[in-house]
Every structure is written in structure tokens, then in C-alpha cells.
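Please find the structures below.
Each of the two complexes below includes chain A, the first together with chain B, the second together with chain C.
Moving on, here comes the complex of A and B:
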């Protein structure tokens, strides 16, 4: 089998061969195989693929190696939260969970429909598990009062994979925070959310990796009737970092807030990619992505609203991406896309890209504020809007992290 | 059906048209019938035609080159392109679906038997003159009325009668070019590219393929190999072209492809406004149109290029129609140069077209104004590329897409800013309007910014016609279809303002035609 797969990826790179070898070490499982084949179809995604033209994993990840830089410190508070920790080799979970949260550690892989659309998600699904780590970690949330779940992905190693599935029952709510702190050469995780009628999800992603690492976080959510999802991402990027979210409005009246901020310095790349399908009438999406990029940094935003015929009627969707290029040598790529087949809808998208306003800078400078600080203040004000809907417990921390980065 | 690219969204939609309860079925039928009958340019002209052997091979290319008595270098150029084309693959990324094209099923060269170019308009076969007359382009009258031979016009007369010089391209050859002598007085070269190859080989050699290289993309490469006729324009230094120039492309013969190549060069501080119109007869087979247009604007020059594209769009079931795969690109080579594209797209079964500007000169300006209307089963994937290379370059994109019937209309655009394009500016606005619930409107903008001081803005909305506006018009006694036409014309006004007057009128009426029967 391994030999056949090896042939399946055209002209495999060293990193791809290592991934094939890792797959070969996993127990045989038809569902795992399907996920891996979905990945093997293209191998590591590269710039000749439409959705990856600005985020080239194949070029960035030559081999699976343990990077020199250690994991970043987790800034998100863990008091009052249930903490789950994934490292390249291990997995830790609280010994006991309160009522309303049920966790199932599954040794086998669950089916992963739509894997071909998310090659890095498929890879995570195919290679999750082994050792103490679950192939699939599943949660059922039945309470509306459940404490926050905090997931930490850290630790030195060549590669780290995880697959986590959440089922949020009707009327229940889940507050979830995730810290991706780097340390592994390649981190790939896939999180799936199924929100039943009236269920709520508030998800916050904090990402900070080393300049030699590759990271792909794939989130897939299905929203039931009147379900509400709010997602906030703060990403500092890595050598190549993709934060991808795919959401399907499955029943009418669901609401989605999809916000993200990326701050990308020299040698860092941060990609925010989203795909929202308005598969039911009268659903609402509000999306705001803000970015600030320094010399030698790269920011990528790819957003897509898909509104199918008939089922997508009365969609109300708005997508905004705004980026600041703080220095010469910064680059920002954007593709805010609309694909619409229903005639009675409101869909808008906006995209702006430029430097800080000279007049505003001048105002602060003539008040005696040094340039770096003035720049930080203005950028912070610009970025803050995208972080405003994060869970209260972490909102200020996210802002403080952004502030620190801007003033350093 | 063997399809290329596109989405699967239409697959459930191949059966009978479902109509909202509120709409009278008879009205819909009547409107549907109107759509194809409304195509007034759909007649065919019976004229004896010489064809190249069917299909595409090196021999076909040699045949075309020989028929045009071309110099050796151009034949070599064509063969090189053909060799390259054989290694290329047809692009599938556009949001259009069409049956696989059999490139061997077309005639790549078709010319009226009576010869290609006529010494005077009097020698042009009657059938051809009538064809153009019927299309509203009276070649003979225009010349006679304004007196070509020896008549000296006063400036006042010139102002009173806005003149348009026309190059008429019929299938693969240019049959007449009006006002040539008149233009020569101003130093303007306006002739078919086949003639220019002989009369001004140095100019053609210097600029041909410098904006759209031979192997630019699949269709442009095909064009480089088999291009038949097109227009060559050269405006010398400091000259403001005294009249509007235009080319009218007519595809007549069956099973032919039209592959024209247009090259317009505006030398330093020159100005030219050029219009292009295209129509074709109603035929059941798909016909291929793969043109290349190259514009070069040197220092301080300005080129205004307007298109009214009304190729046969196919009938209401999607039978027949033109595949319009066109590469248009302008190069603002000199500082402070300006290229502006204005297009009204109402025809063609499938459109794949991205008129672009390479803003190379400092302070150069690129503009793109577009209205694309799709109806029936039409599919359009169109937009622009603005490549900012020079300092303080500016571009503006205004695109209006209107989808009706079961059509799909996609705006696809790229704004790219190079590191060195300091203080570049772009503004993009693309609006889509959906008329009815069986069509689709899509917006795919690509933005690549590598320069911190550049400022780029993009905004787009997709809505249906405002019911309040429609009600307001209706309660004033305006019939529903007229009201829609009124509102739609209001919606696209921005674009039409940039069309030369003669064309704006034509475009307005075209727009009305395309939208009739679409209310729903």
C-alpha cells in the first residue's frame, strides 16, 4: 500500500515522502485511507492550485524537521477553563469533566466528508492518532453553562496532527479557545463543529509560531436553525500558516460572525481563508478581517460567500478585508469572492489595502509621540475592531498581544 | 456533455424552466421567443467564399500566410506560435462550461471569392455593402457624403458632422477601410493589418507581439498562429486623431473561426479613440472567435478603446452562439500615458475576456468600464487586470454585470501593485444585478499589493432590482419592462458616460433588447 501511495503523489518531495511513511505506520483503516488519498491527490498544496496560489506548503516545507525555536508561551488564561493539550507525541485532558460535556477518545478515524476541498484538513484527519493521541477526539455539549474549553497545541517535534469533533446540542453553548504555539515543524489540525437548532459557539484562535514552521488549522462548521457562531482569530503567522474556516448555514435563521486579525512580520506568512455557504434562507454572515504587515511579511486573505439557487434566498452577508502595509517590502494578497445564484439577497464585499493615514500620523507626531509608538497606536486602533467579539475571558489578552507585537 | 471547468450549480437545472407563480406563463413564453428573434444582426449573407482547408495544421498556416502574401518572417512567427500552441492546454479556470471544442472542425480562413481588399468602395461586392448597411454601417454613404476625393473640409464642417472611419472585416479579411486618405493627411495610419505588414513592415515588426507575446495564453497563441485580419493604427507624435476610428467585425461563413489581430500604437502625446463592433449570423453550431488586441501608448499618449460586442449569443436553449475568447491588453509604456477600455458586452454564448493595462510609465493611468449583460444560457467571465509597475500609476475599474434568464455572469479582475509602484492608486467597483432566480452573478477580484504606499479600494454589491424603485416607476404608468430598462440603464449609467456618443446610443438600445422578457 505504501509503495502505491508513494507513486500516487506526483514527484513527491522529501516532506511528502515522510508523510507517506507516517501514514504507513498507522493502523489500516478504510476511512483513514480515504482521507489520505484525498490529500495524496495533490500532495502538499502549492501555488499552482487556485486556493493556494499565495500559500505554498510544498515550497515552504521541504522536510519534516524539528525547528530550532521552542513553543511560544501561552498568553491565554487557563483559570476556569478545561485545558486539553496536544504535543507532537502526547495528549492530556482533565481527569474529570463536568456535566454537560461528554468526551469520547476514539482510537479509529471517523469518516471525513469533503476532504478533497481541504487537503491539509484531510492530512490532519489521516495522520491524527498513534501513541497516546486519539485518532478522533469527540465532544458532545449539552449544557448552556459549560465552562470554556481551552486547547493548547505545543511542544517540540517534527509534526503534530489532531482531529477534534464537537457536537453542540440544541440550545447548548460552547466557548472554545485554541492556542497554537508552534514548536513542531508541521502542525495540522482539523476541528469540526455541528451546531444543532439554537446552539451557540464562540471560538477564539490564537496563533504564534516560529519562522521555520508550517501550520494549517482547518475548521469546518455546520449551523442548524437559529444557531449562532462567532469566531475570532489572531494570527502572527509562521513560515507558512493557513487558518482556514468553512461554514455551512444549513437551516434558516443561523448567524455567523467571522472575524480575524493577522499581524505578520519579517519572514512570516499568515493566511486567513474562509468559505461560507448560505445553504438555507434568511441566514446572516458578518465577516471582518484586518491585517497589518511589516517589511518581509506576507498577509493573505481569501474569502468566499456561496449562495445557492433557491435555498440561499434572503441571504444577508457582508465581507470586509482591510490591510495595512506598515513598511516597504510588506505584501498583502486578497481575493474576496462572491458566487451568487439567488436573486433576492444582499451580499457585499469590500477590500482596502494601503499605508497608515499620513494626517493621523502627523497629528500624533506633533503631539510629541515617537513614530514607532504613534504607528502602534494607530495600528492597534485599526486591528482592535476585529477582536471585539472574542470571548470576554481572552479579549483583553488578544489585544495586549497585538499591542506588544506592534510596539516591539 | 463533456464540459470544461465551471461549477456544478447548474446541473439540477437542465429541465424545464420553473417560473414563479406570479408570472404569467404566456408572458414568459412570449418573452423567451423574443429573445432570439430580437437579434437583428442574425441574418447570413450569401456570397461565394474561399476557404482554407478545414482544420488546423502547419499547412493551414502556410495557406493563410500565402493567401496574404506574407513575408517569410511572419510565417516563421506564426509557425513558432503553432508549435507552442500544440504543447498548451485549454484553460479551465474560468467559470464557464461548454462542450469540448474540436479545433479541427473549423475553417481558419474564409474570404469572399471576389478578393480580399478592394481598390475603392465601388468595387466591394454588393452583398457585403448591403450586409454592413443592414447592420447600420453604411460604408459607401459615409464616404460619399463627406466627399473623400479631393474635398477639403472646413474645421467647422468637421465639427458639425462627427465622423467615424471604419475598417470593415468580413470573416477573415478586411474588405474596406474608409477615410484612409483623409487620415493620411494627418499622418494617421489606419489600415488592415495584412496591408500594414506590406506597407509598414518595420512598424508592425517593432510592435507586434510586444504586449501580448506569441505564447501568452492558449487562445492568444492560437491567434498568433492563424490570425487573419484586423486593424493596424499608428498615430504619430503629437497628433490627435481627427476622427473616431472603428472596426466592424462580421463573421459570416459557416463553421469558421474569426481570429483577428488589432494593433494600435499611439506615439508620444498622440490621442486616438477607437471603436469596435461585432456581430454574426444565427447559426446552430458554435463558432470560435479568438482575437488579440494590443495597444501601445507612449509618453503622454492616450488611447480610448471601446467595444460593443454583440456576437450571436445562441438561442434560448443555448444552441449555437459564438465562443468569444479574447485577449486584449494595453501597455502604458510611456510616462503619463493613459489607456481606457470601455466595453458593452451583450452577445456571445461564452465570453472569456479580460482587457488589461500594464501601467509601466510613471503617472500612467488605466481605466476599465464595463457592462456585461447575459441572458438565455449565456456565460460571461470577464473583467480586467491592472498591473501597476510605474510610480504614481492610477487605475479605475467600474464593472456592472447584469444576469438574466439562465445565464451566468462573472467579474474576474486582478489589481497587482509592484514594489516600485510608489503611491499607486486603484479604485474598483463592481456591481451585479440578478434578474430572475435562475441566473448567477459572481465576483472574483484578486488583489496583490507589494507596495506600502499604494492605496487600493474595492467594493462590490450584489442585489436585485429595488422593488421600491420599480414600484415608483410602475405607479407613474411606466410598463414593467420599460421600468426595468430604465432602472438598469440608471444602474449602468456610469459606464455609458464613457462611451463615444455614437456607440452610447447603440449600447442603450442593445441593453434594452437584451433585457426584454427578463423581469421575474
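Moving on, here comes the complex of A and C:
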């Protein structure tokens, strides 16, 4: 058994061997195997892979270990929300859900098309489940007034995996918040969204992890006709943290707002990677990513719009990434990509990296605002724009968290 | 009487080491409390440099001389310390601060200054009342004060907002750098009214301007001519009129 498992990944690292062993302990399941094979093709993604050259999980994650730092406290409010909690060994859900939200805890693995494009998502799908944890947690949303669903990922342990699938029915809407609070050496989750005609999704991701942790959040969404998705991410990074989102506009008239802010301090790495495919005519994408990085911190932005020749006509898409290097020694890597084959489209992008404006700093200081406070004020105002579309139940909290980081 | 602002033999350069260029070259000037002094001079004379050196903008290096406010050396202080001591610069080109509403900005500045002076913060109701009074006097729309600082403001609105900040912060010493530029006559009157309302026996002002026009509305006690980094002539208010008539060349020729 061990020898056979060893063959899954070429020249496996200690961490990869442990992942293989974990896979070996899961019940046999053909779909699980396919997901794991998709991961095993490359093993933990690394710098020699296109798309991972700045975020190297293989190098960062030597072994699966419980980190020294405990989980962060969840800043997002849970009043009025239905709370679901994933820990390395456990899973909790409300005893009863209101009409309009149906939850199915599936012991088996659901098929995962496209797994080979997202190795960390494939890993999450392959290793989710075991014990009390569902292999696939599935939701069907049929109400347009369902309460917010709040997912918390926390607790000490070597690794934590989750796979959650949402089907938002025609005309229904889902407000979803996720808090990734660290505590596990490796956290990998994959969330899939299927939005039917006119369905709405507002998703907010808060991420704060320890400096010794690795984390990958993979989101995959398919938007039906006139569906609307708004996503807001606030990431503080970890040893390596990757927030990856792939969206397909698959019927005309769908709309996507894809916003993120990353704040990386010394020893932290935050990666925002997105891929949007305009697979249907007359769809709209608005993307704004803002970053602020300190000495010894790293930010990564990779954004791609793909607009096919026939199906992508009348696309209206805009991608903006703006980063502030707050100190010498801060690093930001950015790769905005527009791949456009359709000829009747409006697509724009902008990408800037720089320091705070001297003239603005002097203006604030001349009015009596001390340097550190002036810097925090300007940076906060800069970041805030990317958080403005988060659900109002959590928007102020996100801003306050960004503020705290900037003023400490 | 000891002057409020005393500048003695001040020299300053701008630019990096080998490319440093001397802009102020032995400038001396005294402004007593209660007086308004105008500084006039041709382009490139060092007028804006003087305002930046006095308020501590980076990029300028003081190479000699001194500047004191009420006897305290200000040249070694950070810009925010100078502000807390009462120095205020009305910018020639007010800076846009996206995402920071005017009220938030001014209240933060006011409380930061008060904190630096060991005073209590202003309460929200007191601040709002004061803001309302000042805005009314300057014909500023309350909605404008909720918008981000200077973003999308017209030239005249920006200058009026400078005066609003000045009246809110009640500084001890004001430097108005080309406050008249970009203003039509009505806006100029409003701005001048604001400045005149700030005239006080305990307050000094330095009005930097290109043209005599502003001085029709803000009557100076003294007029200084700045050229080649130094004050080359000082006179009463009528000197401004002579400059207007004879031009800088005429007056400079006479001085040289």
C-alpha cells in the first residue's frame, strides 16, 4: 500500500508523503481518486509552475505540523447569521435551517470537473471528510431572503480541508461570509457556486493566519443568465496564503464584482489570483484589488480575463490592481492579463505599484497629523475602496480590521 | 518688541547632493504679532520655497541661518510639530486626498494638534457647531464638507477650503501662498474676508503673492520684495502699488 501510494507523486517531499498517507486513510471513492490524481500530477504547487511562480507551497510547507500560534479571534459578527464551523477534526452546523436553505451532508465526493486547473482545490476535494466532517457539504438556496451563512475555519491541527458546494436557484440570493482564522499548518478549502438565472451571491472572505501556516482558498463560480456575484476579500496572508477565484460567465447578462484587499506585514505572503471567463455575450466584470505591503512582506496579484471570439461579444470588463509599498523591502508581484479574441468589447485594465504620495503626506502633516497617523489614514482610504461592496453586516468590521493593522 | 516670526540669514537648497540648487540665499525677515506682511517677487525668486522651508517639507535643505516662532527654533521640528506650535500654510496647490472626508480630516488634524499641546480633544457637537459657523461665513456647502478633501473641487472651492481649515484650526501664524491664484473676484473677496477675520493682535501673517490685486483686499502692514533668494527691499503698503506700476525690474534696478 505505502509503496503504491508513494508512486502518486514524483519525488515527494515529507509534506506530500503525509498528504498521500491521509488520502490512503480515506474511504475508497472513484471521484476522490480523480481529485487526488489531479493534485498528484504536480504535488504541492511550486515556483516552476506557471501561475505559481510567486507562491510556492512546496517550498513553504516542509511537513504537516501543528503551528505554534493559535487561531485568531473571529472579527466578523455572527448575530443574525447561521454559523458553520470547520476545525481540523470537526464540523458544526446549526441544528435547524430555515425554509429556503437546504443542506446535504454528503459522505461521498462529488465530481470535480476542472480539478487539474486548481491543484490546491483538488487537494481540498480529495481530503475533505473523515470523522464528523462531510466529504462534500452541499447547499441549495431557494429563498431570496435567506439569512447570511457564516463559515468559520479555525482550530489547532496539522491540516484542515473542506469542500462546500452551493446551488443558488433562479431568483434566490445567498449572502455568505467566511472567516479563515488560522491554527492549522495547512488549510485548503474549495467552494463551488452555481448561480441559476437571476440568482445573486454576495461573498466576503476574511483571512488572517499565522506566520508559519499555509492556506489556499479556491472558489469556483458559474454564473447563469443575469446572475450577479459580488465578492470581497480581505487577506492578511500567512507564510503562504492564496485566495484563488475562478468565475465563468456562462449565460448572457451576468454581472461580477470581484474585489480584494491584501495587507502583508513582515514574513507574510498574500496572493490574490483570479480568472474570469466571459463565456457568454453581454456580461460585465468589475475587478478592483488593492494591496499594502510592509518591509519583509509579499503581495501577489494575478488576474486574467479571457474573452473568446464568438461567445465573448459585448463584454464589458475592467481590471484594476493598485499596490502601496509602504516601506523599503516590501515586495509586490503583479500579472494582469487580458486575453481577448472578440472584437466588439470594452475591456480595460490598470496596474500600479508605488509609495504613498509625498505631497499628500506633507499636506496631512502640515495640518498637524503625525507621520504614522497620516500614513495610516492615507493607506486606509486607499484600501477602503476595495471593501465598499462587502455585505453591510461585515463591511465596517473589515475596515476596522484594516485600520488596526495599519495603525499598529 | 520681539518679532513673532524671526528669520535670520536663511539659506536653503533644493535637490540632491551634487544637483542641489540654492534657492534661499541669506534671507532675513521679521514679522511681529498682529501684523500682516506681504512678500512679492518675480517667478523663481524663492517665494514658495520659503513657505515650504518654514513648514518643514522634505526635499529642502537648510544650509544656514535660523527661523524662530515666538523665540523657538522651528527648523529642527517635524512638520506636525510646527503645526501644533501654530504654523499654518495655505497651499498654492491644495492636495487631493481621496477617501478622506473634509470633516474627518480637519477633526483629526485639530485633535492631533490639541494632543500635541496637551489639550483635551474637541467634542463632536462643539466641532460641528464651529464647522457650521465657519462654513456659513465662507459660503461653503455643508455637502462639500462630507466629500473627500479637495477631490473634484474647483480651484476656487479648494482655496476656500484652505481658509476653512485655517479658521477651524486657528493657527498662530499664517502663511498664504499665492492664495489669489485661480480665484475670480467674488471668491477672492470671500477668501479675503476670511483672512481679515483672522487678523488679531496675537497672530502674524505672511502673504505671498505675485500680484498686487490680493493686497487691495488684505491690507499689509509691510511689503517685502523677494528676489534671488533674499529680501531686497521693504516698504509700506504703497510699495505694492509701485511694483504694479513700475514692474519688478524698475524696483530691482533701483535696489541694485
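In the analysis below, the second predicted complex is superposed on the first by the 405 of 408 C-alpha atoms of A that agree within 3 Å, B and C clash if a C-alpha of one lies under 4 Å from a C-alpha of the other, contacts with A are read in each partner's own complex, and residues count from 1 in each chain.
One rule holds in what follows: a residue touches a chain if its C-beta (ideal position, glycine included) is under 8 Å from a C-beta of that chain, and two chains touch if they have at least 3 such contacts.
Nothing here was measured: the structure is a model prediction, and the numbers come from that model.
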Quick check for you: in the superposed arrangement, does A:347 touch first (chain B), second (chain C), both or neither? first
Hey, is it chain B or chain C that touches more of chain A? B
Go through the superposed model and pick first if A:50 touches only chain B, second if only chain C, both, or neither. first
For A:385 in the superposed arrangement: first (chain B), second (chain C), both or neither? second
In the superposed arrangement, which partner chain does A:336 touch: chain B (first), chain C (second), both, or neither? first
Look at A:111 in the shared chain and tell me whether it touches chain B only, chain C only, both, or neither; answer first, second, both or neither. neither
In the superposed arrangement, does A:59 touch chain B (first), chain C (second), both or neither? neither
For A:365, decide between first (touching chain B), second (touching chain C), both and neither. second
Check the residue A:309 against both partner chains and state whether it touches chain B (first), chain C (second), both, or neither. first
Which bits of chain C are touching chain A when the two form their complex? 55-59, 78-80, 82-84, 87-89, 91, 94-100, 105-106, 108-110, 112-113, 116, 148, 165, 169
Going by the contact rule at the top, pick out the chain B residues touching chain A in the complex. 7, 9, 13, 93, 95, 419, 432, 434-464
Contacts from chain A onto chain B in the complex sit at residues 50, 308-310, 313, 323, 325-355
Applying the document's contact rule, which stretches of chain A touch chain C when the two form their complex? 357-360, 362-371, 373-374, 377-378, 380-382, 384-385
